[in-house]
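What follows is a set of notes on a single structure, which appears directly below.
Chain lettering (A, B, C and D) follows the sequence in which the chains are written, and residue indices restart at 1 in each chain.
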Amino acid sequence: MQLGLIGLGKMGGNMRDRLRAAGHEVVGFDPRPEVTDVDSLASLAAALSAPRVVWVMVPSGDPTRGVVQALSEVLAPGDLVIDGGNSRYTDDAPNAALLDAKGIGYLDCGVSGGIWGKDNGYGLMAGGDAAHVELAMPIFDALRPEGPREEGFAHAGPVGAGHFSKMVHNGIEYGLMQAYAEGFELLSATDLVTDVPAVLQAWSRGTVVRSWLLDLLVLALKDDAKLAKLDDYVDDSGEGRWTIEEAITHAVPLPVISAALFARFASRQDSSPAMRAVAALRQQFGGHAVRAAGPAGAPGEHAGPSSGTGSTQS
Amino acid sequence: MQLGLIGLGKMGGNMRDRLRAAGHEVVGFDPRPEVTDVDSLASLAAALSAPRVVWVMVPSGDPTRGVVQALSEVLAPGDLVIDGGNSRYTDDAPNAALLDAKGIGYLDCGVSGGIWGKDNGYGLMAGGDAAHVELAMPIFDALRPEGPREEGFAHAGPVGAGHFSKMVHNGIEYGLMQAYAEGFELLSATDLVTDVPAVLQAWSRGTVVRSWLLDLLVLALKDDAKLAKLDDYVDDSGEGRWTIEEAITHAVPLPVISAALFARFASRQDSSPAMRAVAALRQQFGGHAVRAAGPAGAPGEHAGPSSGTGSTQS
Amino acid sequence: MQLGLIGLGKMGGNMRDRLRAAGHEVVGFDPRPEVTDVDSLASLAAALSAPRVVWVMVPSGDPTRGVVQALSEVLAPGDLVIDGGNSRYTDDAPNAALLDAKGIGYLDCGVSGGIWGKDNGYGLMAGGDAAHVELAMPIFDALRPEGPREEGFAHAGPVGAGHFSKMVHNGIEYGLMQAYAEGFELLSATDLVTDVPAVLQAWSRGTVVRSWLLDLLVLALKDDAKLAKLDDYVDDSGEGRWTIEEAITHAVPLPVISAALFARFASRQDSSPAMRAVAALRQQFGGHAVRAAGPAGAPGEHAGPSSGTGSTQS
Amino acid sequence: MQLGLIGLGKMGGNMRDRLRAAGHEVVGFDPRPEVTDVDSLASLAAALSAPRVVWVMVPSGDPTRGVVQALSEVLAPGDLVIDGGNSRYTDDAPNAALLDAKGIGYLDCGVSGGIWGKDNGYGLMAGGDAAHVELAMPIFDALRPEGPREEGFAHAGPVGAGHFSKMVHNGIEYGLMQAYAEGFELLSATDLVTDVPAVLQAWSRGTVVRSWLLDLLVLALKDDAKLAKLDDYVDDSGEGRWTIEEAITHAVPLPVISAALFARFASRQDSSPAMRAVAALRQQFGGHAVRAAGPAGAPGEHAGPSSGTGSTQS
């Protein structure tokens, strides 16, 4: 079938390739002339037969909202817009209402798979009306991995349910990554385990912890057995934050996912004001030695607690 | 090759089956007459040709230490004992020393795979001397999953490294399970996602969070979409605790794995003394309403914070 | 000086008493005829000389916003409204703008002290213009504790800064309470400490952990040494949630305060869906015993990890 | 009364001063000639009349165990040794047994108060026999703060209970410090609060969070309003670790105290292996930008999540 596809970055570009390989006709739009198929959204609309299906794959927030607004002006009643980006689910109802006022349908679709999706397929979670899901099903089928449909696609619920599900997916992802990372650090902290990459690789099959993320960590360690080439600075792209905020709204305890998010925040601090405050307190009550700010001296090995001196007791 | 196998419970029994299916000759011992092949450790030793390889698969702690002690009395120099149970790695050096005094070799081997290992194979992490690893390799090859050896087996380091690796594996497992569980709870807390099991199943392929544990959760939800048949009581079997203790020794921060362990502890409490103390404090400073101990009244839906009344402000 | 005081609940009523005892003239309004001084906001405005200062002490959210709206209609240019309730700081700018359009000033003031404030005085954090702070200073001075002004009152910044500070105060409070509570539980978990209330009381003077919250816990234990009369259900009143949300906005890691909030959420669950999911996973991979939902059997003492059986190994 | 006091560091030296000021006769021993009163433990024993009471105030672990051993050789039946250091409570039973074999009594006593104790008095928690407690009570009374005995001293239980209580005291202390520190960081993260030290000082009286630790933080901020002179490196001296280990033994969930401990561990890392692993994973699945190890570029303000580009979606 025909699909309009807006946003031809790493994700959108790969999806265009995968869809075309599956025999679909994709008309892509991107502001970058070297990748776009058409020169405007109007041209994109003109290039598609009604009812048009247009997939939006641009950064979440204002960019996506802007594209939806623009599409509401070039599409026609009966057409369908799918937001496949990482939008916050709360953007979906307003987007749907805006389009609905023009008779245009709306689906939100969480997409997982990263740069590997082009070859492996993408896991998909859609929110919206069943009729709209049915209309777009050939596209979903081409994007999702080989195998039973239900193992790579779900109609999660009404508008918003797709992005909500994707948000939770990413929250879980934070927790999983941190769990492997903590294990990696502990394995690396002992002299007893002499081949940490081999241990992780031996978990690839048969074990309880086998997973795709584990496979990726094994891959990363092939190149760099101690990950010494990397900085310990970890960004976040919003879904983990939204997951915690949603948990707060619903009074759901998320100790692990929140710990994973906070570890990322901490990883980006050059100096933690909180830990300076703890250092200040220890200095105040116990005369404990503290370090002045400045270029750190080499702290050397320091796994054990500081040997109490009897003089700095709390 | 020949193998003596001590302990024919769910794990040991399955391993005997898998090894025999691979063409090995297994002489199993278990106190239960209905499953054992021989009636004593002495008979087991007599039934094997030197150099004997004997795999111990009994509960960790005293039972394993007892079997190792007993084996030191019936085996001969040049034989090899492998502890495949979930022993704490600190037990390995004493076990190895005890056997070494008699000229008997020792390997520790972490084994992962649960009841599925019989068919899927087990992930294996061994600690000990290379010569001992080589001697037992046909057994390791039969137990591990099909595929490249390094994806199901690692020689992790000297004696203790296998169990250390398995301990960390299980610590990671705690974190992974809790991450999925938190996500499941949050998905279940919103009305927006109308088909939670379908969403989890749609993550089975292509997504970043795909894993064997996810597959198992999907399986569990097939039967019981809200897991309403289960109590929220979660046991622990020691490795998670050891992981935290080891992290403390090495000053490694494990916020996620510790949160997962503590969630299990909390799940087993009928009444949390800590939370009673928090309730008592709120009552003291603010006259906040508290609940008397006793059969709980139906709290109903209570996601939102209690509406402040202006009268109970801290 | 004169003060209009709206909301005569436990907090507002106490504040009226404290202000009158300090010689101020307080005109109180409350919908309950038995406590109010006047029968309407209009009467309250009429009873005060310009420039009027009116303190709002009603539940946060709609009630406070409603009172501010109503006051904007009965007050006059040059008057001043102070919101002393537990409003979210994001309510302050809109409230201030609404009043400013009528020439009426606005301060937000965080108030801490609970039911003890009537006698001890209240800790106060104000946000707004310096001129407004100065106008209301006699009231602040009467409400705050004896002693240097700066130990019970701060002008924290512009409009919103008072409630922001109070929000953080309450977030800290969650962490402090949980820290004491965890310590109480651990002391109570050992047979070694035979007099837990005595130990906590001995911390009252001289120690690093001495505090008012500790004093309150000691008080609570006088009556009920094991807090056995209380349920372990702990409510929250919003500020802890806002603190976490604000931390997420600013990428500030709050592991302790979030753990304290999540412990409250968990304390209110009859059955944790997350922990049922963990139980389900353990059953799936290891055939670990789980409990059916239903009236809990007496679990008895269960501090140690379940003794591994060799048959349920992961 | 007479007291032998071993260890005249900051804590022991201050205690000697406080005890002498209270009229007690203190014979102090320290290896440093410039502070010691006698030149050996034998001289110390000779200088005291039976029944002798000797207080040990040296670093925990081997130093304390060594002194106790040495005392067992110079003291006589009926004498009493008090370990006032920060020993792990598990050292107490062996120490007591060693001395008991010679007819010498033993008390363990947790001491809190830091360098302020000389003037304010020390909070004390003792473990051991009531008769021994009674014998030493004049010393306890002189060391503890003014006021009712039970507010600065507890007989917590049998041998070990004093140090167990002190261990928990310090665990709580970790949680309290981290709670204030997190609040300080969040207050500092907003432009809205223009005078953070003033806000903290305003909490000194009347508020729910008032405490001695708060007073100390206010003091520290007097000098250095942003604590900019300090490094964010925070040591730990063992009791926090023991608290977590003990919680694991008793299956007590300590989410807050453990988070506080792990924050200290993390504060001491130049580069977190765990966070490098998370960065590696993000790079693998999403092509997310990562930072190479090396001198950090100035990251600038980075509170918000990285703006998704549509190309790095998971």
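As a working rule, a contact is a pair of C-beta atoms (placed from the backbone, for glycine too) under 8 Å apart; a residue touches a chain by one contact, two chains touch by 3 or more.
Values in this document were obtained by computation on a predicted structure and should not be read as measured data.
A.B. asks: Can you list every chain in contact with both subunit B and subunit D?
C.D. replies: Per touch definition, common to subunit B and subunit D: A, C.
A.B. asks: Based on CA centres, what chain would you say lies at the far end from subunit A?
C.D. replies: The chain farthest from subunit A, judged by C-alpha centres, is D.
A.B. asks: Distance-wise, how many Å sit between the C-alpha centres of subunit B and subunit C, to the nearest whole number?
C.D. replies: So the centroids are 42 Å from each other.
A.B. asks: Approximately how many whole Å separate the CA-defined centres of subunit A and subunit C?
C.D. replies: 35
A.B. asks: Round to the nearest whole Å and give the separation of the Cα centres of subunit C and subunit D.
C.D. replies: Each chain's C-alpha centroid was found; their separation is 29 Å.
A.B. asks: Pull out every residue in subunit A that's touching 2 or more other chains.
C.D. replies: Correct list: 112-114, 169-170, 173, 178, 180, 182, 185, 189, 208, 212-213, 241, 251-255, 259, 262-263, 266, 268-269, 272, 274, 285, 302, 314.
A.B. asks: Could you list, by residue number, the parts of subunit B that touch subunit C in their complex?
C.D. replies: Per the stated touch rule, the residues are 7, 9-13, 57-61, 63, 85-86, 111-116, 169-170, 173, 177-178, 180-182, 184-185, 188-189, 212-213, 216-217, 219-221, 224, 226-238, 241, 255, 259, 263-264, 266-294, 296, 299, 302, 305-314.
A.B. asks: Can you name the residues of subunit C that touch subunit D in the complex?
C.D. replies: Within the complex, subunit C contacts subunit D at residues 89, 112-114, 117, 120-125, 127, 144-147, 150-158, 160-161, 164-165, 168-176, 178-180, 182-183, 185-187, 189-190, 192-195, 198-199, 201-214, 243, 246-247, 249-257, 259-260, 262-263, 302-304.
A.B. asks: Per the contact definition, I'd like the list of subunit D residues that touch subunit B in the complex.
C.D. replies: On the subunit D side, the touching residues are 208, 241, 244-245, 248, 251-255, 258-259, 261-263, 265-266, 268-269, 272, 274, 285, 314.
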